[in-house]
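Chain IDs A, B, C, D and E follow the sequence of writing; residue 1 opens each chain.
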Amino acid sequence: MDIASVVGLLVGASLLIVAVVIAPGSALGAFIDYPSMMVVVGGAISAVLISFPLKNFLGLFRVLKKVFFNKQENFGGIIEQLVSLAETARRDGLLALEGKLEEVANPFMVLGIQMTVDGTRPEVIEDVLRSELDAVATRHKAGKGVVDQLGRFAPAFGMIGTLMGLIIMLGNMSDPSSIGSGMAVALITTLYGAIMSNLIFLPFAQKLGFINQQELLAMEIVVRGIKGIQAGDNPRVIEQKLNTFVPPNTRASEKKAA
Amino acid sequence: MDIASVVGLLVGASLLIVAVVIAPGSALGAFIDYPSMMVVVGGAISAVLISFPLKNFLGLFRVLKKVFFNKQENFGGIIEQLVSLAETARRDGLLALEGKLEEVANPFMVLGIQMTVDGTRPEVIEDVLRSELDAVATRHKAGKGVVDQLGRFAPAFGMIGTLMGLIIMLGNMSDPSSIGSGMAVALITTLYGAIMSNLIFLPFAQKLGFINQQELLAMEIVVRGIKGIQAGDNPRVIEQKLNTFVPPNTRASEKKAA
Amino acid sequence: MDIASVVGLLVGASLLIVAVVIAPGSALGAFIDYPSMMVVVGGAISAVLISFPLKNFLGLFRVLKKVFFNKQENFGGIIEQLVSLAETARRDGLLALEGKLEEVANPFMVLGIQMTVDGTRPEVIEDVLRSELDAVATRHKAGKGVVDQLGRFAPAFGMIGTLMGLIIMLGNMSDPSSIGSGMAVALITTLYGAIMSNLIFLPFAQKLGFINQQELLAMEIVVRGIKGIQAGDNPRVIEQKLNTFVPPNTRASEKKAA
Amino acid sequence: MDIASVVGLLVGASLLIVAVVIAPGSALGAFIDYPSMMVVVGGAISAVLISFPLKNFLGLFRVLKKVFFNKQENFGGIIEQLVSLAETARRDGLLALEGKLEEVANPFMVLGIQMTVDGTRPEVIEDVLRSELDAVATRHKAGKGVVDQLGRFAPAFGMIGTLMGLIIMLGNMSDPSSIGSGMAVALITTLYGAIMSNLIFLPFAQKLGFINQQELLAMEIVVRGIKGIQAGDNPRVIEQKLNTFVPPNTRASEKKAA
Amino acid sequence: MDIASVVGLLVGASLLIVAVVIAPGSALGAFIDYPSMMVVVGGAISAVLISFPLKNFLGLFRVLKKVFFNKQENFGGIIEQLVSLAETARRDGLLALEGKLEEVANPFMVLGIQMTVDGTRPEVIEDVLRSELDAVATRHKAGKGVVDQLGRFAPAFGMIGTLMGLIIMLGNMSDPSSIGSGMAVALITTLYGAIMSNLIFLPFAQKLGFINQQELLAMEIVVRGIKGIQAGDNPRVIEQKLNTFVPPNTRASEKKAA
């Protein structure tokens, strides 16, 4: 569970609600308007539906889940495991890796080790792994793109809703007492659009960008590790090289030492 | 037919209409104003007419059709066909490809195979195919550019129309009862511009970008495949190489296996 | 004459005028205000005068003329001529090109041929031609830059004028009946700025970008052609190579065939 | 202490306070509204909490401290020290550097010298130092990113607060005398957002960018210096090369001469 | 003196003043408000003070002077002088250049020639000159950056001032007759910010970019010329090569011929 995302969303939403509740003469109910919600949420979703292939759009929920339920990549653990596999390979040969496959949780690493055990040529292994990595990067980009666009279209449909509300209000000016409430309703869509964009979609897109980058970095480390193992490199050298990919405080051996 | 585009456009438009209809005291008729439409649509089209060569502008309808009637590129099928051609070429020689030309639907692939059969030199074939690919990319860019600009000019002419409406209204303030309706009409152009931009042109441009990218990727695969066939590469190697261009779930052999 | 630019500008302007004329209770005269014009046009020109060297600014009229009187580069013709020159050179030697100089209209091609006839070394010819090409590109960029900036400063000075008008109006509120007309006048500068930017300068800048790109592409083709001629390449090979620079439907030999 | 940052912040804040105090009929108290502060500050912080991993957010205070308490990198001093170490190494061998380690304050330089003394291979030293440098750059980027986002979200939540205030006000129009004060309160959040962004976060982010760049340049100089020392280069040559990294007026030997 | 900058600034300012003076019912005095000036100018300067190291900020006046008192680089003259020096060097040896040093005004060229006479190695000369060139480029970038930021912060503080003015006005609505004037004063800061940005800082920054580019181009020509002289190249070849850096109409020999 990503504490920061959950706390940020809860605190942000609470603050806005509290600010409304404590304001003199205001009622929370004045801020709930279903047609406005329909225009902003529905409009933004429609625009995104047109913008992307259906498949990308349907991946949205999986993508949003990631914002809350991502677990930080454990670079140190990945490197440690690769080093341990390298030791096995050096001591008992590449075929001995098969026996250790069960211990490996990371499916990408399993794929690489499996191909190594099968005696696949190094270039082919790298090609296959990189193609997999590229496919993940493309899927990431598509997922983040949908969230980005929601963050861009939500305020636009907020403005569209406000314009519609103003035009309706301006056509009913015979009853001056209704002007205020008409205008209040009109402004609600802009408010919805601004909140959806700034408290939800734009921060989500930013967080996704970070998560995706970590995930790809972990895959990159696996690719390099598998290459080193297959080349029969010294496990210490492999560790040293892989450690240069991650900041000092998340390195494998240094952690052990700490 | 691109379901997502159609559904998105219909749902988006319906939502806005429903929101107007269910609003108390509003009439759909208040949202239809032909001169406003003329200013926004006409203005944006005029600006685009000036911005681009006539040819690009006239291609607009063909481009828009693509948003709704594009069919997803079948990468798996393309690769399968190239592999099958490679097998024929390996077994029976390059000239045997001529007999299989009828089975090939993709005109770009036909061009490449034809040149291969004719014994054209590899560099020339690649030059010709790449030049064709570049021409398609240029045409794509021009087409998307027109839609992009419509999405940018529509809100601008919406604002121009609103300013004109406000100036007219402000010059007729002797009758205060008409102020509201005058202002409502003035705002309609801004509404039109915002809807045209955010529900139509910007999402269309985004989808076009995606479609074009897929089309060029398919052409790139054909170019690589033809090169491999001409070089007499092993069909399995060709398949393996071409598969690295597409995400795992759309690959040729894996699909067959599934 | 660039039909699209002319039609676009006329249609756009007409639409706006018609929209004003058919609006009930409006007079075209209410949209003409010389001081407002002075602020927007004068202000944008002043800002551009400061932004660029005087020379660039003075080139503005030549640049604007280009938007209307550009003629599409005839790539097919240029390539055909280069191929014909290559045939002459191959048959009768480089010196024989001198006799064909009169038939060449393109001054850039004349320069290259002349140097070839004079026996200038290939590297020097390419350096000189590329330097000329770069100088044209720099001039293009400067010219487009001025139009771009006008498109950016016009709305800014429109807003400045409106702010000035509002401040004057707000200082004279003793006569409430004048508020409406005061505000109308204030808004006119914003309208002028928006129209100048969106109907004139921004589309002009876009078209200029396209024209300039075509012009440089034509020059690039000449440079490559001259190099091929001087190297004594086969005219067919030269044609084939130059044709890869232009989209298939504007190629030399294919046109002849059609 | 960074005088410019302190003076800028104090002068900017004072100017705004003075402008309010000297305005006729205004009271400073009208500009203090705790719920508004809560919405803007709390909202921006919530959005940033969602946008970044918790660790990056918690680094914010350390990052902000840097804006006020950074000390300019002393490039001349760093180069002088590296040259002096190079002289020792040349005269008495690399091992003699151990005795000079105490004089070195820069921990990054200590790390490099220590590895040199330990006889670590040059490539490994450079890998380790560069990895450290990259980690610092990543940390910098993350820190600046948080400040950048605060500068972007603060005005957004200012607008959200104003919309909420307007909706509350418009729902209570029965008492016209309260309209003015309700609107004043509504506008305060926009004011807070604008001040926070333009007087604090955006300038801070800009300054951070400069400080970070200097810090990385200093590290780059150390990396190059250590490489030169290990290679046994002439100390004068090392000085000359390192000096090309810094502007003439901050160079080592020229300073001594001045 | 840069005529275009002076004329642009005078014409722009005059136009705005005239527009105010000829407007019916307006007084120039209504546009002068010292506290507003304080907020916009002071606020923008404060923000820039925080954004940049003090040194960069203090260079602002020197930078602004350059906008008005820059003299166009005389590329033809520079090339002519380098060619003349090359002739001396070829005829009488590199040491003979010492006698011609007095005729050279450009201090950057003096530095290069001096090092050539001193027999400094070519790589070292180029390193030193390029380091100098980079330092100038860095100084340029810093100077332009300050002006850019002033152009960005001025409108922001204009808006801040207007918000403050509106809040004060809305708190004093008991006297309706003062509303107009209160709002007028509030808008003045936005006007100041817009004028400062669009008539002064943004155009200045643009001009600075152009001047800096010319200055660096002149330095680049000197570096290449010195290299050619030291290598003992034929003066004609040097001239030909240097001329490719400048547009045809500002070339050395062509000017002489004209």
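Please note the rule applied: contacts are C-beta pairs under 8 Å (C-beta built on N, C-alpha and C of every residue); 3 or more make two chains touch, one makes a residue touch a chain.
These numbers come from a predicted model, not from an experiment.
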item: Contact distance in steps, from chain C to chain D; value: 2
item: C-alpha-based rotation, chain A on chain D, 0 to 180 degrees, nearest 5; value: 70
item: Centre distance in Å when chain A and chain E are each reduced to the mean of their C-alpha atoms; value: 44
item: Averaged-CA centre spacing for the pair chain E and chain D, given as whole angstrom; value: 27
item: Residue numbers of chain E (touch at least two other chains); value: none
item: Chain order around the ring, beginning at chain A and proceeding next to chain B; value: A, B, C, E, D
item: Chain C contact footprint on chain E (complex, rising order); value: 3-5, 7-9, 11-12, 15-16, 18-20, 22-23, 25-27, 30-31, 67, 72, 177, 179-181, 183-184, 187-188, 190-191, 194-195, 197-199, 202-204, 206-207, 210, 240-241, 243-245, 247-248
item: Chain C contact footprint on chain B (complex, rising order); value: 35-36, 38-39, 42-43, 45-54, 57, 124, 127-128, 130-132, 134-135, 138-139, 149, 153, 156-157, 159-161, 163-168, 170-173, 178
